[in-house]
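Attaching a single structure in structure tokens format; questions to follow.
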Amino acid sequence: VNFASDNNAGICPEVLEAIVAEAPEVDAAYGWDRASARLERVLVEVFEHDVWCLPVITGTAANSLALAATNPVWGAVSCHELAHIVVDECGAVTVAGSGLSLDPLPGEHGRLTAQTLDRRLRTRRDSGVHTPAATGLSLTQATEAGTVYRPDEVAALAAVAHERDMVVHMDGARFANAVATIGATPAELTWRAGVDVLCLGATKGGALGAEVVVGFDRRRLRDDPERLRKRMGHLLSKQRFASAQLVAWLAEGTWLRHARHANAMAASLAEALVAQGVHPIHPVEANMVWVHLESSAVERARRLGASFYVESEHDDGTQEARLVTSWATTSDEVDSLVRALSQA
Amino acid sequence: VNFASDNNAGICPEVLEAIVAEAPEVDAAYGWDRASARLERVLVEVFEHDVWCLPVITGTAANSLALAATNPVWGAVSCHELAHIVVDECGAVTVAGSGLSLDPLPGEHGRLTAQTLDRRLRTRRDSGVHTPAATGLSLTQATEAGTVYRPDEVAALAAVAHERDMVVHMDGARFANAVATIGATPAELTWRAGVDVLCLGATKGGALGAEVVVGFDRRRLRDDPERLRKRMGHLLSKQRFASAQLVAWLAEGTWLRHARHANAMAASLAEALVAQGVHPIHPVEANMVWVHLESSAVERARRLGASFYVESEHDDGTQEARLVTSWATTSDEVDSLVRALSQA
Amino acid sequence: VNFASDNNAGICPEVLEAIVAEAPEVDAAYGWDRASARLERVLVEVFEHDVWCLPVITGTAANSLALAATNPVWGAVSCHELAHIVVDECGAVTVAGSGLSLDPLPGEHGRLTAQTLDRRLRTRRDSGVHTPAATGLSLTQATEAGTVYRPDEVAALAAVAHERDMVVHMDGARFANAVATIGATPAELTWRAGVDVLCLGATKGGALGAEVVVGFDRRRLRDDPERLRKRMGHLLSKQRFASAQLVAWLAEGTWLRHARHANAMAASLAEALVAQGVHPIHPVEANMVWVHLESSAVERARRLGASFYVESEHDDGTQEARLVTSWATTSDEVDSLVRALSQA
Amino acid sequence: VNFASDNNAGICPEVLEAIVAEAPEVDAAYGWDRASARLERVLVEVFEHDVWCLPVITGTAANSLALAATNPVWGAVSCHELAHIVVDECGAVTVAGSGLSLDPLPGEHGRLTAQTLDRRLRTRRDSGVHTPAATGLSLTQATEAGTVYRPDEVAALAAVAHERDMVVHMDGARFANAVATIGATPAELTWRAGVDVLCLGATKGGALGAEVVVGFDRRRLRDDPERLRKRMGHLLSKQRFASAQLVAWLAEGTWLRHARHANAMAASLAEALVAQGVHPIHPVEANMVWVHLESSAVERARRLGASFYVESEHDDGTQEARLVTSWATTSDEVDSLVRALSQA
């Protein structure tokens, strides 16, 4: 049973069907195709707002492109110290952003607070041209800890940023899971709360590989995102297959249905673990359960075929394990994992 | 009828089948999967040589990564002045290569000659640390003009480069078409002729989107290609779908079969045009036919539904048109295009 | 009276004399001159070790070049969160280092401890190619807080870094002040304690503008520092004037004499302030005194002609003021400043 | 006798005097000083136009900064194929410009013509986002061949560029020599002829090291040049010494007096060589004489103590020699060189 990551799952049936349907077609390359045009219309509907949008193939590309297009090369982006852009993108934001810096901040359960951000921005050393300028804020929704920001939390953070004319970016690799949990509309969680540009990820939610940068305000652009995408090698010749995936995934609520399922599996996993006396480290609000496990338990579970990451080891011999569910996770797999861990 | 580019075609049946077969599977992300392991074995067989290999999703990414990993940041790569890396990648090599320069050279029919390269390297200004150092050679196979390099031509060029310890890169977005034309083995056209690193493209040959950087000599690496790929945003989480595409495409000669078909369609198109008195500008050696057309002919053909690019316009009112065939081009389409052009 | 920065002072007589002597000479450009050759010999003597050395004109250039030459582009450099490379170089390390990241750490009085560094390196998220690799450590000597590292403190920090094969860099913009305070030899404070590359600054110590990157171990070089310097625009045509400054400054202990004077002025300033009941925030170990001042005191002192920076303002109405002395500071100026502040 | 480069000469008396006068002063760092303020006023007078200006220490820094501040990162700068930015700056423009490309063009005697530029811009491949955009033109004045552009030639070139909204940059490392030759005003050779940004070099003209980027139109700025300068490590702490050099050099026509002298020495050298039957390769219009010399003549002249560069060697055994004069060259030195060459 595989709880290593939602990106270990395959392609969900709806997205696969769209790829199969598009496969025999002939259409223009580089985004001048019917599916890409349709994607823009779908995004306008889903977000109830005009958008500019650029599909890419990885979350790292999406984040890098979004931040590079909206910040100056001498800027700095405030973000959580465990954000994907800090610890999991090997400096990609800095490469795409031609030197753009990150300013990592602490925060419980993977979340930044408006207070932390405000204090940091008021007290960070700022010597004019000598210091990277605070030009951006990046929020991860759902967070790397499997928690979510409520619309008012996003709004409070965005207000602090906008007061200083900083752009507000949302890394939404698991945006679907956040929407599914909170029950707010995509609009309420983004532009209505002050988000200027969203990286909406479908890969973890069932696509072969498809992410899309969704911008809500062209005035936030400091450079041409199409040029930047091209020179990052991220303009797909057969972009229509990325667009078709996104269209199928967003259509008829498929994305939220899959996200609700993944969230429910995580909730049920957490419940079963609590029943065994294993309490989650972070609130389980999306499709992840973080727990402390004895090293021996980890080993035995793995011998029994369970696959998952341990993020760090503690001096008391326990490990911090991350258990991730997906659109493809079954109740049987949850049961198997719980059994494997409890036997241990 | 679409002769705009081989990347306007869809997914060939063999590759689609592989995607469908892989879709329901669960496997590790970031290349630690079965399909990626199998890809390496397949490449070893196809090229009859040990390789290091990194799948990516675009040709621009492949070229950028290959050159960045094998040249110093203060290097310069000699290449044809119409190479994709010069005119069609918006500076991507320079971005991935952290300042790596290109040194474009002229050459008839899209081909460089060993003489041109040698003369350039002997006479270019070189003031030590003041001048970008000549560290790489990039050849495009098949070329942007639809011609090919024979093994002895590659070997002569590579010899000039290696004499100066320059790395030899091959942009093989249409490598399949070149192999199909020449009838040499993949090995004879690459490492046996002195190629150090090949970008093998499957996208134009029938894949959804899959290219792979194939290295024949780890000693040519100046930096860690896996780190560079990651920070370019080109490490795919579900890399197995890229690998599965490449495996299916390379298996049982599918790639060469499709390439032979595309080449045959181009040859038949050229023959029919010659019969009409329209002579190709460049030898038709792969899946492209370049012709001069009257502007009025271009307009009429387009009104009749023909899609193709014109690259440049001349003072005499003619245009330089590029007609590209693919695995999906049919004889009927060739006939339709010829009719559309001849009526004009 | 000017206590804003040691770089507000002019050129000390010894350095000026060297410039005047060199002025009418004709010699080779770009470092192939007699003064540059002599500089290397002087550095070998001063540091009692073979060195490679590259003069540049600013401390930012020196730090950027030293770190870029010794770290991979996907690396990260651990350093104090108030280090010059973090807050005062506008991302220069990242630009020169083609994406190189910084990992800022806290530490009392501007100093890192081996414990803090070790804990950080053991617990920071490290997901292989996904995370910038910890490849460098940068120490500032004397620190931005005006404190110094003792040889055993440097050695303990370097040991933690070397255990992980990280390069150890020292930002020595005020290295002279540190040597003058500690009384250890330059060798004891650098290579004997594990420093691999030092940026030795003369500008704050009396030069017109001259810094030199001094490397103690060529095996730590990952790229050619001369090529990197050139492409940063930091190879001086008349480099001999930078070299001549450095030679004159280092000769016959001039650098240490000036540093001792500056340190003594700071000590005497601190003593006088303590007598007034104003206690330094950080130990006064070099040529800086940090104090909390009432906003009204700051204003009045400025009206009386005193020039100095306040770095931050506190909620209680006090300000954190930085008072810097130099080779040119006189006792009279110290007295004037103390009077100006005490009247307030 | 040294004819290797004008940067082998020392500091001219007027500039040295300014450094000596500034040396004991205390003033603000980073350009907030009296000399820097005065420099701006002097430039306004010299160019009879409002300017923005940024002093730096090398010509490479000036060119890189000027082009980075006025072009997009995905732009390309048209320039002569032997321009300093192409062959003598090791990719610095690309580094400072975060990937900015160069598009080198041929031209007799180191000069571009409006026809060549226009033809290139009309015929170069331009596939929208796929191709680096033609965004800048860089002219070298005086050229690397020692020739100059007349105001109408500059205007014709600038007109071609401005028609396409390209920025016009002038590399004026030897601008003084051009002004001295042509007898036009600095204004006539720059903004009146369409130059948007000039890099004015004093180093080759007698300074220790001082160049200044002079902008004539803030609307041409695409990024903040002060931020870019800082992150290149080119913001000088004691900038006042660069400014003081430039002020002294520009004051009372010193710069033109020295340039006229250097030009006259070159003219007299050329005349003497012609009398010996050695004819210059390029018109001698500034402070350089290019000649073909037998290899044996080069060797003998060097044995007699003459220092100069040979740029390339020909199959017929001759070498292309560059003889450069400066403000410091004397008639005796010219005579010595001519004798040394004629004996050979």
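For reference, chains read A, B, C and D in written order, and residue numbers begin at 1 within each chain.
Here, a residue touches a chain if its C-beta (ideal position, glycine included) is under 8 Å from a C-beta of that chain, and two chains touch if they have at least 3 such contacts.
Keep in mind it's a predicted model, so treat the numbers as computed, not measured.
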Inset, instruction - By the contact definition above, name the pair with the higher C-beta contact count: B-C or C-D. - result: C-D
Inset, instruction - Please flag the chain sitting at the greatest distance from chain B, going by CA centroids. - result: C
Inset, instruction - Please report how many Å separate the Cα centroid of chain B from that of chain D, as a whole number. - result: 40
Inset, instruction - Could you grab the centroid distance between chain C and chain D? Build each centroid from C-alpha atoms only and quote it in angstrom. - result: 34
Inset, instruction - Averaged over CA atoms, how far is the centre of chain B from the centre of chain C? Could you give it in whole Å? - result: 50
Legend entry - Multi-chain contact residues (two or more partners), chain B: 73-74, 89-91, 95, 98-99, 129-130, 227, 230-231, 235
Inset, instruction - Would you mind writing out the residues of chain B in touch with chain A in their complex? - result: 2, 4-5, 7-11, 16, 19-20, 22-29, 56-62, 64-65, 89-92, 95-96, 203-204, 208-209, 227, 230-238, 241, 307, 328
Inset, instruction - Report the residues of chain C in contact with chain A in the complex, numbered from low to high. - result: 73-74, 76, 82, 87-91, 94-95, 98-102, 123-125, 127, 129-132, 311-312
Legend entry - Contact footprint of chain B on chain C as seen in their complex: 30, 72-74, 98-99, 129-130, 133, 223-224, 226-231, 235
